[in-house]
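Chain naming follows the written order as A, B, C and D, and within any one chain the residues start at number 1.
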Amino acid sequence: MARNPAWMSAGLASLALLGTGASLSYYEEALPTTLNPLFADTMVDRRSQELVFDRLWYHDAITNELKSRIVQRYEVAEGGQALKIHLTPGVKWHNGKGLSSKDICFTVDALLDKGTPSPLAEGYRQILEGCDTQGNSTALVRFTRVFHNPRERLGFAVLPASEFSSTAVTPDLPFGSHPVGTGPFKGTKGRRGANFEAFGNAHHGPALAQLRLSEGQDGSILVRALINNGMQGIVQVPPPNRPELSASDEVALKSYDLRSWWFIALNTNKGPLADKKVRQALNLMLDRTELRKFAIGVEAGDENSPCEFISGPFVQSSPYYNRAVPVVERANMARAEKLLTEAGLSKSGGSWMYKGAKVTFNIGMLATLNAEATDILDQIGNQLGKGGFDRQVDKVRADEWARRVTTGNAQEFDLLIGKWSFGLVEDVNDQFHTRKGGEGKLNIFNYSNPEVDGILGEYAAARTDTAAQDAYHKLHKVLATDLPYLFLWKLDSRSAWRTEVRNNIIAPYYYFTEIDGWKYSK
Amino acid sequence: MSEPLVVMDGLTIRAPTRTLVEGVSFTVHGGRVTALVGPSGAGKSLTARAVMCVLDVDPGLVGGSLRYPALDPNVDWYEGVRGGGMSAQQRLLARTRHLRGAYFTYSPQAASSALNPGRTIGRQLTMAIARRQTPPDNLGAEIRRILQQVGLQPWAAGALPGELSGGMAQRAALAIAVAPKPRLVIADEPETGLDPVLRRAVVELLVQVCKDEGAGLLLISHHKDTVKRIADDVIQLRGQHGETGGTA
Amino acid sequence: MTGRWPAIGVSAVLFAALIVLAVIAPEFLSEANLDLKEFGPAAVPPFGADDRGRPLWELAAQGARVVALPSVVAGLVVGLFAAAGGLIRSMDLRWADSAVAAFGEVVGALPRMVVILIVALLLPRDWRGLFPLAATWALLSAPGAMDEAAAVAERLGGARFVEALRAHGYSSWRIFVVHVVAFNLRPVIVRQAAEVTMQVVFLEISLSYLATSNDDPSFTHPDSVRSWADILHLGYRALAFDAPYMHALVLGLGLVALVAGTTIGISRAARAR
Amino acid sequence: MKRWWVRPLVRTVAALALPVAVPLLLTLLLWALPGDPASIVCPPENCTGTEALAERWNLHRGPMHFFSAWMSNAAGGELGNSWRMQAGVPVSDLVKESIPNTLALIGLAFIPILLGTVLAALDAIHRRLDPILHLMGLFPAVILAVIAAAWKVLTYTEFGGETAALFLGAAVLGIADGAFSGAVTGTRSVSSAERRQRYTGVGVLRGETELSNILPNITPALVGQLRARILHLFSGAVVVEVVLKIDGLGDLLWQAALVQDFGVVLPVATVFACFSAILLLAQALAEGGVAVWIRWSPKGVMERAA
């Protein structure tokens, strides 16, 4: 059976590498959309890219300290507005060329080049000023202003200047499927999966010879594959399948700290939802406990529940989470109805009327969420239905979500059910700031509230962690009352790996940061 | 009297419910015109087909014997077929294929629907001529000769049956029937569907051509006048009993 | 089946069953009830429950509602096309005949599923539904149907047949509508219509299955509604991982058989004299 | 029989038109969609500056410019790159890796169909089998494919058993949607109609076989039927490939269309159109050939008479 070249080489490589090291196969939620870090779209993209590229600076998975594999030392220069970077010697690209300061500056220039249509770059354009090479292994990266944590700001993956004809990097370049990085693995994206082959380097010595990513499918298939050793790992195990796996002693379920939370975005500039009272009513109408029970199978009072409610845009473990704001665990119909009546809605024949017309909500949901919370779309629909609202529900494909929803172009919806994931930097500016310039890039319904914008400004300007914290605590409180979102829960992420896979430390968010240490022995 | 070509003795054919032909006996001689006459439904065509060993009713042949003395006077072709039903008749059909279109040929009625619409007259003549013992040294010329003999222009060789008129088709059919130089031509009501004038012409032609080619002619007809005019021998089928009649 | 009435009876009953199912379909599935999940027909009559403990008959009914109207309409459209094809031939309208032939050459030359797929995936969200796809399918099936009907008219004697009837002094209406269409083209027209109806149902199942099986939004119906494909997907899990949904598999295949049976019945009824 | 060349000619013209008409149609569709083509190709969310891309993909100067540019590239075998599905990968590579699988699938599925056609033409399939055939034919591809897929998982070929998938898929295609039964009954209806013709019986009286008599006259109809069946296989292949995860053209089209990757949809649809065109040409050739063969008559008859 003909396969694409990537798989061919994978096959050959695994033959060649027999003995020298082991090959792991694992399931991801989906295929990476691209292996080009500038266009990372999904968590799968970020995880896969972590295998192929080195980020200039990253957080250690255990000590959480800021580290770099490719920077030997650095000095703060130009009164804190620049950083002088000395590269680790001997680091090679997957094409055999050596890593040089040119590459650092090329990456910075690519990020700054208006011709690079990358939202990531958009963000960096606010921070970075430029870059100059000083000899082959030293680069001077200049910032737009002084930052109290300049290195924190340089978390981007470094690209090889030699692979690009210009600093305008576009998503359609072959680099997206056959990238060249300095990371521990040389990656290729195929049609049904991606293949990663170990690449020995001065700064990386992966024990594994090969990693093969396959697209996840029916949960039962994943489980069977894993238990029968057809695969060695599942990055994201849907809650319904967790019990079966935790029962098997050949498989270890591992929790990893992915700061992702679920929400229902409300269309604040359309119909009754424009009224804060109505939004608050909906918040009270939802019985989160019921939802969690039906969709995720968590009974109330479950000790190790994979799902914790939230009242604002942060996970409870985050320093930014404001514990003073209570979560709504159960529905309170009485209060909801009171609020709706105050908002001028009237109930006739069991359904709510607004300006003489029956209220019908157009509800959408990011389709991929269904795997984690079965039929949650129906459940939410049912609860609103019981509450007296008519509805029309639709799933939204991930690519359409990226294309229309996050760009604020899906105004035909009233409610959109989704999920955001964050790294250590839980910057929610993109979600809640008014859409203008570089701000509010992911503002689904173009929510705009000067007070919120103000608070977000405070956070951005904060020079200390406490200042940042205070700002976000305030933000949490404001959003919990103004409710551009109904905040649902953090659904903790569990991976399953066969017990033969050892020392597999999973880094938050980027997952594979510590892949060098992973071992596999039959 | 010239040599006998077909000796049929006591032919009896049954259909599931009734007897179609019973105890028909006759002899067909070479170089003579034998007419097979009788009211419609008397089994004329059936008898003619039986002469060619084409039997497709069940149980079919239950009695009688068939000899082709000119080939081998001792072989009774119905041996082992009598009462053998369809399968036996199928075997007979296969066993005698080499005779049909060679030892005796068939000239159908309403020829325009009886000729394969997917083959030119020329091709059909070529196939017919190919059945001869000795192939002609010039095929083209031979076909031209035969066509002329039946009164058709040479261009007819390039024509498909659909492109010929009824009369021309009938002549073509005749040409195809005589082309293999058979010992016996069996003509099934060749005059059907033709106007009186043409009818006469065609029958005369039929007789003439058979005489020229030295072939015997078994003519199935219900036109008494035709028969009187041309037949040397007459086989009268009267529903049940048949006998060979005297000379006209 | 030679007798006309048994065929008509059977097909009528089956068809009625489908329509009733479609009519009684609830707009939304009832509340999930995890205690009932995995329960068979004994516990949740008549068909058992799905993986959320919702009665399967609701899914079956919703599926029936999804397909009922578009498929029947598509069938009727193709029936009309077929009739037109037959009439064109018997009216001996040369230009129309060759126009149909040319149309058929181009349309008939494309793999239908490919066309449908492209249409399905390019349709803007608010157009999404089975109707446009059914219409496309009908359009793609039309040339074949017209061709067959025309062939029947041809065998009938085409224009000569009509002339003969004219000689009887029949009105054009009586000739074309009664004699040509109702008496002679009926079997082929009805069969074509019935088959296209069935094909559209199966098309819906295919598209929905492809979508359901990897959590994509449906092309043919809002996602609050379930298709027969969802029942079959449960059945697939029963087959593949002996999940306790055999009753779903049985129901799914039963529904497919129901549609097929109706089609055969109707075709036979139309053919019988 | 007059003007026998008309039908083959029409088919040939249609065949030549298809590979041009299909991409043209798709191009127009791309422009008909809401939103400007460039942003459909590259969502503004990850394409802040689509102008450059639009220019690179010839999307900036209207459908006709795009179409002509694409066609001239395609004529040179340059099918462009995938825009989303596998960004940057040359579509020709994707197509090259897919065609063998699809052709293998269809080829395998075609074997029983061809067999059925031949046997039916020889009148070698007993009519008593018809009910069974009809029953087989009633199953839609998706149902059989699902069952096949389930079985494939059961036997764990799920993990690296593409060949199994291929054979299962072929079996499904060969049976589903009346592929086999249709081939048998269709062929039989044609040949038996011809067998009932009077000339066939007369042929027997002339010592010819039935088949040799009817073959040239039924060939065009049979060829037409076979073409229809193969087209049908191409349709079914889409479903089967997606359900059984076979890396074929149909699956490629499906995946590309799901993410609205026109860079792939366009060429793949065109490849399908080319296959259809080839089938049309083959049919035209067969028809023309038979028509010419039919008109053969021996040389030398007209000599001297002319």
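The definition used in the following text is that contacts are C-beta pairs under 8 Å (C-beta built on N, C-alpha and C of every residue); 3 or more make two chains touch, one makes a residue touch a chain.
Just so you know, these numbers come straight off a predicted model, no measurement behind them.
Novice: By C-alpha centroids, what is the most central chain here?
Specialist: D
Novice: Between chain C and chain D, tell me the centre distance in angstrom, where each centre is the average of that chain's C-alpha atoms.
Specialist: Measuring from centre to centre gives 23 Å for this pair.
Novice: As a quick test, compute the distance in whole Å between the mean CA positions of chain A and chain B.
Specialist: Comparing mean C-alpha positions, chain B is 92 Å from chain A.
Novice: Can you compute the centre-to-centre distance for chain B and chain D, using the mean CA position of each chain? Integer Å is fine.
Specialist: 50
Novice: On a C-alpha centroid basis, what's the spacing between chain A and chain C, in Å?
Specialist: Spacing between the chain centres: roughly 44 Å.
Novice: Which residues does chain D have that touch at least 2 chains other than itself?
Specialist: Only 153, 258, 260 qualify.
Novice: Could you check chain B for residues that touch two or more other chains and list them?
Specialist: Correct list: empty.
Novice: So which bits of chain A are touching at least two other chains?
Specialist: As it turns out, chain A has residues touching two or more other chains at 221, 224, 397.
Novice: What are all the touching pairs of chains?
Specialist: Result for touching pairs of chains: A-C, A-D, B-D, C-D.
Novice: Residues of chain A touching chain C in their complex?
Specialist: Touching chain C: residues 217-218, 220-221, 224, 293-294, 297, 367-368, 370-371, 374-375, 377-379, 381-382, 385, 391-397, 412 of chain A.
Novice: Touching residues of chain C toward chain A in the complex: what are they?
Specialist: 28-29, 31-32, 34, 51-52, 125-126, 213-218, 222-224, 237, 240-241, 243
Novice: Spell out the residues on chain B that touch chain D in their complex, using ranges where they run on.
Specialist: 49, 52, 54, 93, 97-102, 105-106, 108, 110, 113-123, 125-128, 131, 138-141, 143-144, 147, 153-155, 157-158, 160, 162-163, 176
Novice: Flag every residue of chain D that touches chain A in the complex, lowest number first.
Specialist: Touching chain A: residues 39-40, 42-50, 52-53, 56-57, 81-84, 86-89, 93-94, 97, 100-101, 153, 156, 158-159, 162-163, 166, 245, 247, 252, 255, 258-260, 263 of chain D.
Novice: Note which residues of chain A are touching chain D in the complex, please.
Specialist: 1-5, 33-34, 36, 39, 41, 114-119, 121-122, 168, 170-178, 189-192, 221, 224-225, 228, 230-231, 397, 399, 402-404, 406-407, 441
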